[in-house]
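Both complexes shown next keep chain A, but they swap its partner, so chain B is in the first and chain C is in the second.
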Partner chain A sequence: MAVAVAHDPSSGSGQAHGVDRLYAETRELRINGFLLFMVSDLVLFSSFIFAYLYLRQTGQGWPPPGISRLDVAFAAFNSVVLFGSGATMHFALENWKHGNFNKYAGWMLATIVLGAGFLSGQGYEYWTLYTKFHASWSGAGIFGASFFTLTGMHGFHVFMGICYLTILFLQTVGGVYTKQKYAGLTMGTLYWHFVDIIWVFLFSMFYLWQ
Partner chain B sequence: MNQLQFEHIITIIGAIVVFLAASVALKNDWKTPGLENQVFKLMLFLLAVGSVLAFLAAMGVIGSWKGSA
Partner chain C sequence: MAVAELHGGGIAEHVHPEPHGFIRKYIFSIDHKIIGLQYMITAFIFLVMGGMLAELIRVQLMSPHGTLVSNDTFDELYSVHGSTMVWLVIIPMLTGAFGNFVFPVQIGARDVAFPWLNMASFWMFPPAGLMLYGSFLMGAPTAGWTEYPPMSLQGAPGTSMWCAAIFLIGVSSTLTGINFLVTLLRMRAPGMTLTRMPLFCWAQLATAPLLMIATTALGAALAALFIERQFGVPFYDPTRGGSPLLWQHMFWFYSHPAVYIMILPAFGMISEIIPTFARKPIFGYRMIAFSSVAIALLGFMVWAHHMFTSGLSPALQLAFMLLTMTIAIPTGIKIFSWVATLWGGKIHFTTAMLFATGFIVTFTIGGLTGVYLAAVPFDLHAHGTYFIVAHLHYVLVGGSLMGIFAGMYFWFPKMTGRFMNETLGKWHFWLFMIGFNGTFIPMHWIGLLGQPRRVATYDPQFWSSNFAASLFSFIMTFAILLFFVNALWSIRRGKPAGHNPWGARTLEWQIPSPMPYYNFKKVPMVFASPYHFSDPLPYRGLEGELDPSVPAPVPAGHH
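Entry: the complex of A and B
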C-alpha cells in the first residue's frame, strides 16, 4: 500500500487510484466491523455488570461487613482524568480531519498521558486497598471479586488503549494516514470513547450507588 | 491545601471543562450523518453524563465524599 508523506495529513493525492477506491469501498465495512467488535466487548462487560448487580441485590448487605467504603473523592478525581482523555481524543481526531498535525499531536499525546495517569491512579487505589484494608481479589468476598474483576478488566482495556493510541500516533508520524484516509484513527477514537463510557457505569455502580 | 481539597478543586474544574468540551463537540457533530457519527454522539452524550456525575460527587450531592476509605 502506498505511504503518504510524513507529518502532512493533507497529502495523499499521489496515491494510486486503485488504492483510494479500495479504501473507499472497504472503509464502511472496516468501521462496521470495529463497531461489532465493540458490541462484543460490551456484551462481555454487561455479563460481569449484571452478575455484580444480581449478587448485590440478592447477597449479603452492601458493602459486606468489614469492608470500608471506597474512596469516592479519589475515584471522582481519577474519573475526571479519564473523561478528560476522552475529550482530548475527540479534539485530536477533529484536528487531524482539519489537517492540523501539530494540534493533533498535542491532543493525542495528552490523551496518552491522561490514560496513563488514570491507570496510575487505579494502581494507587489498588495499593491503598491492599495495604490499608487487606482487600484483594480473593480476600474481600463477593465485593472484592466483583470490584477487582470489573475494574481490572476495564484497566486492562485502558492499558491496551494506551498501546493502541501509541501505535496510531507512531503511524501518523510515519505517514500511514492522510487527511482523507484515517479510518484507523476513527476506530481508535471509538475505542477510547468506549473505554470512557464503560467507566461511567463502573464509577456509578461501585462508588456512587449507596 | 491538603490532598482532599486538591482532588476536590481539580475534580470540579475538570468536570466542568469536560462537560463543556463534550457538549460543544456534540453540538458541532449533531447533524453529521453515518453510523459511526451516531455512535460518536451517543458516546459524547455519555461522556457529558459522566462528567456531571463526577461533578455531583465532588459537590457531595451523590456518593459520600467524606468518611470514605
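Entry: the complex of A and C
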C-alpha cells in the first residue's frame, strides 16, 4: 500500500485523505493493525506448535499407540485444495485491481468453494480417525491433544476465513469497495494466505514427520 | 512539502465529533483520555479489592497458627490477590490508564489509531475482573497466581473461571498493544521523530510489542489448561502423557515479559517526573530510550530462570542465569541516568518527586535481589520462600505502584485541573515508605531462614517478623487510604492548577486542563527533544491552544 499522502496543515481543513467520517482510521492504519493482529495470531499458533513439539519430544505416548500412520496421500490432496484456494484468491484480488468484476467474482467464489472443500476433507479425515482408530480429542493422549487442537484451530481459522471472504464478497457486490480503495480485500487476502502458510507448517510437522 | 514528509499517517488533523450525552461521553466513549480514566478508576477499585485480600493474608499470619481462615481459603486468598494485582491493577493501570491518558497527547495525536477498538479493550476489563471474583462463588483457584498443574488441574471449578477471566483480560491487552504500537509508529505529529519522543512514549513503544506477543502465548497456555480441565484433553497431566513443565514454559514465556510490562511504563513516568522537578535535561536520553527496548528484547530470553528448581539441564540453567544477569545492565543504565539527572539539579520535592526518588531507592533494592535470584545456587536455596515474596513486592509495590502514585500526583492536575493536596500527599508518601519497607524487609530474612510462601501457618520461630510485617502492612494500607481520600477530595476541592503547574515541557502540558476532546486546536510541529529546560519550547502552532477566542476545530465531515 502506498503511504498516505499528507495534506498541507496550513490549508486549515479538518479532513485528511481517506479518513472515515466517524473516526480517525485510514485504510493504511487498518492494514497496519491487521498485520499486527496476524503477528499475534502467529504467536498463538507458535505456542501450540511449541507445546506439540515439547510433548512429542519429552512426554510419553509418541508415536500414538494404536494409530498407524496418518494418511499422507489424502492430506496432500487436501493441501493442494487449500493451496489452490490461495492461488484463486490471488487471481481474485488482481482482477479486482484491474476492474474485471466478473472474473473477480468467479475467482472469489472458487476460493470460497475450495476453502469449504478443504474443511470437508478435514472433517472426513477426523471421521476416519475416529471410526478406524477411535482417536478423539480427549481420548488419544498427547496425539489427540496436539493433532486435534492444532488442526482444529487451523480449521477454525479456515472457517472464519470463509465467513470473512463471504462478507467481503457481499460487500463488493454491494459496492463498498472501489478499484482504488479496497483495504478490506487486501486484508482478506493477507488473512487467507496466512492460513495457507500455517498449514504448510502443520502439514510438514504432522504428516511428513511421522 | 517538508511538512508532508514529516507527517506520520496523514490523519493527525482528524477531529472526532464532539460527544453528546452522558453515555457517549463517559460510558461508551471513544476518547482515549476518558478511556484512560475508566481504566484508572476500575483498576483502583480492584486495587482496593486485592488490598483487602492482602490484609486478610496478613491478619491470618499474625500468629503462627492463625485461625482467621482455613488453609484452603488461604490458598484462594493469595491466588486471587496475586492475579488481581498483576492483571487487574498494575498492567491495566500502566498501559490502559496512564498509557491511554498520556502518550497520544505527548506525540501530538488527537486519539489512538483505533478508538473503537480501544473502547472494546476497556470493556473487556471489568467483566474479566467480575469473572475472577465470581470464581469465589464456585471455589476460587488455589494454586497461586501461577496456577501450576497438576494442582490447578485438581483445583475447584473456579479455576476454569480464572482461566477464562485471564484469557479475556489477555485479549484486551493484546488489542491495546496493537493499538498503541500503530499509534506510536504512525500518528506522531509533524517533526515528532522517534528520538524526539518523550521517554514515556519510548516506554510504551517497548511495552506494546510485549503486550501483543507475550500475552498471546499466555492465551495459548490458558486455553490448553481450560481445555484440559473441561474436556479432559491431556496437555499437562503427567499420568496421561502430558507435561506439567510445559505449562511452566508457556506461562513464564508470557509472565517474564509481563514483569517488564509492569515496570517499563513506570520507568517512563519516572523519566518524565525526575527532569521536570530537577529542572535539568534528562541525562542519557538515548540510553534510557534504547535500554527500554533492550529490556523488552532480553525479557523474551530469560523465562526459565523461574524454573531453576524444576529440573532444567545445568547447561540451560547456566545460559538462563547469564542472560538474566544481563538485564541488570540496561536497568542499571536507567538508574544511573536518573541519579545523574538529579545531580546538580534544582530539585523540588513535590509529592510526585518524592515518589519518583523513593521509586529509585525501593526499585533498586528489588532489582538487586533479582540479581541474587538469577544466580542458580542462590535461587535453589531461596525458591519458594518468602525471599521471593519480598523480591517481587519490592519491584511491584516499591517499583510499579510507587510509579503509579508518582504519576497520579504528577498528572492529576492534567486530569482534573486541580492539584492534589500536598500535605496529605507527603503524609501518604512517608507512611507508605515506612509501612511498605516494614512489611517487606522482614520477609527477606524469614525467607532465607526457610519460611515457605503460600502456607497458612508457620514455625513459631518466625512469629516476631511476621507480626511486625502485619503491623506495618496496616500502616501501608492506611497510607493508601489517605491517597484515596486526597484524590476524591481534590477532584472538586483541590487548588486550581492551571494548564502547566509544574513547568513541564511535554505536549500534554501546553494545552488546557482538563484536556478538550480534540486535544489540539491545531496539530503542532515539533523541532527538538522536550528536555532542554533553558531553551524555548520546541513546538510551533500552539499559540491558540489556551486562547478561548480561538474556536475549536471542526470535526471531519461536519463542515
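We adopt the following convention: the second predicted complex is superposed on the first by the 182 of 210 C-alpha atoms of A that agree within 3 Å, B and C clash if a C-alpha of one lies under 4 Å from a C-alpha of the other, contacts with A are read in each partner's own complex, and residues count from 1 in each chain.
By our rule, a contact is a pair of C-beta atoms (placed from the backbone, for glycine too) under 8 Å apart; a residue touches a chain by one contact, two chains touch by 3 or more.
Please read these numbers as outputs of a predicted model, since none were measured by experiment.
When the two complexes are overlaid on their common chain A, residue A:50 makes contact with chain C while staying clear of chain B. In the superposition on chain A, contact is made by A:32 with both chain B and chain C. After overlaying the two complexes on the shared chain, residue contacts for A:120 are found with neither chain B nor chain C. By the touch criterion defined above, A:142 lies against chain C but remains apart from chain B after alignment on the C-alpha atoms of chain A.
Applying the stated contact rule after C-alpha superposition, one finds that A:40 touches chain C and leaves chain B untouched. Contact comparison for chain A: of chain B and chain C, C touches the greater number of residues. Once the two complexes are overlaid on the shared chain, A:80 sits against chain B while remaining clear of chain C.
Overlaid on A, the two complexes show chain B and chain C touching the same residues of chain A, namely 32. Residue ranges of chain A in contact with chain B, taken from their complex: 31-32, 35, 68-77, 79-81, 83-84, 86-87, 90-91, 94, 128-129, 132-133, 186, 189-190, 193-194, 196-197, 199-200, 203-204, 207-208, 210.
The residues of chain A lying in touch with chain C in their complex are 4-10, 13-26, 28-30, 32-33, 36-37, 39-41, 43-44, 46-48, 50-51, 54-55, 58-61, 137-138, 141-142, 144-145, 148-149. Against chain A, in their complex, chain B makes its touches with residues 4, 7-8, 10-11, 14-15, 17-18, 21-22, 25, 35-36, 39-40, 43-44, 46-47, 49-51, 53-54, 57-58, 62-69.
Across the interface of their complex, chain A is touched by residues 3-5, 7, 9-17, 30, 110-111, 113-117, 174, 177-179, 181-182, 185-187, 190, 212-213, 215-217, 219-221, 224, 227-228, 231-235, 240-243, 245-246, 249-250, 253, 522-523, 525, 541, 553-559 of chain C.
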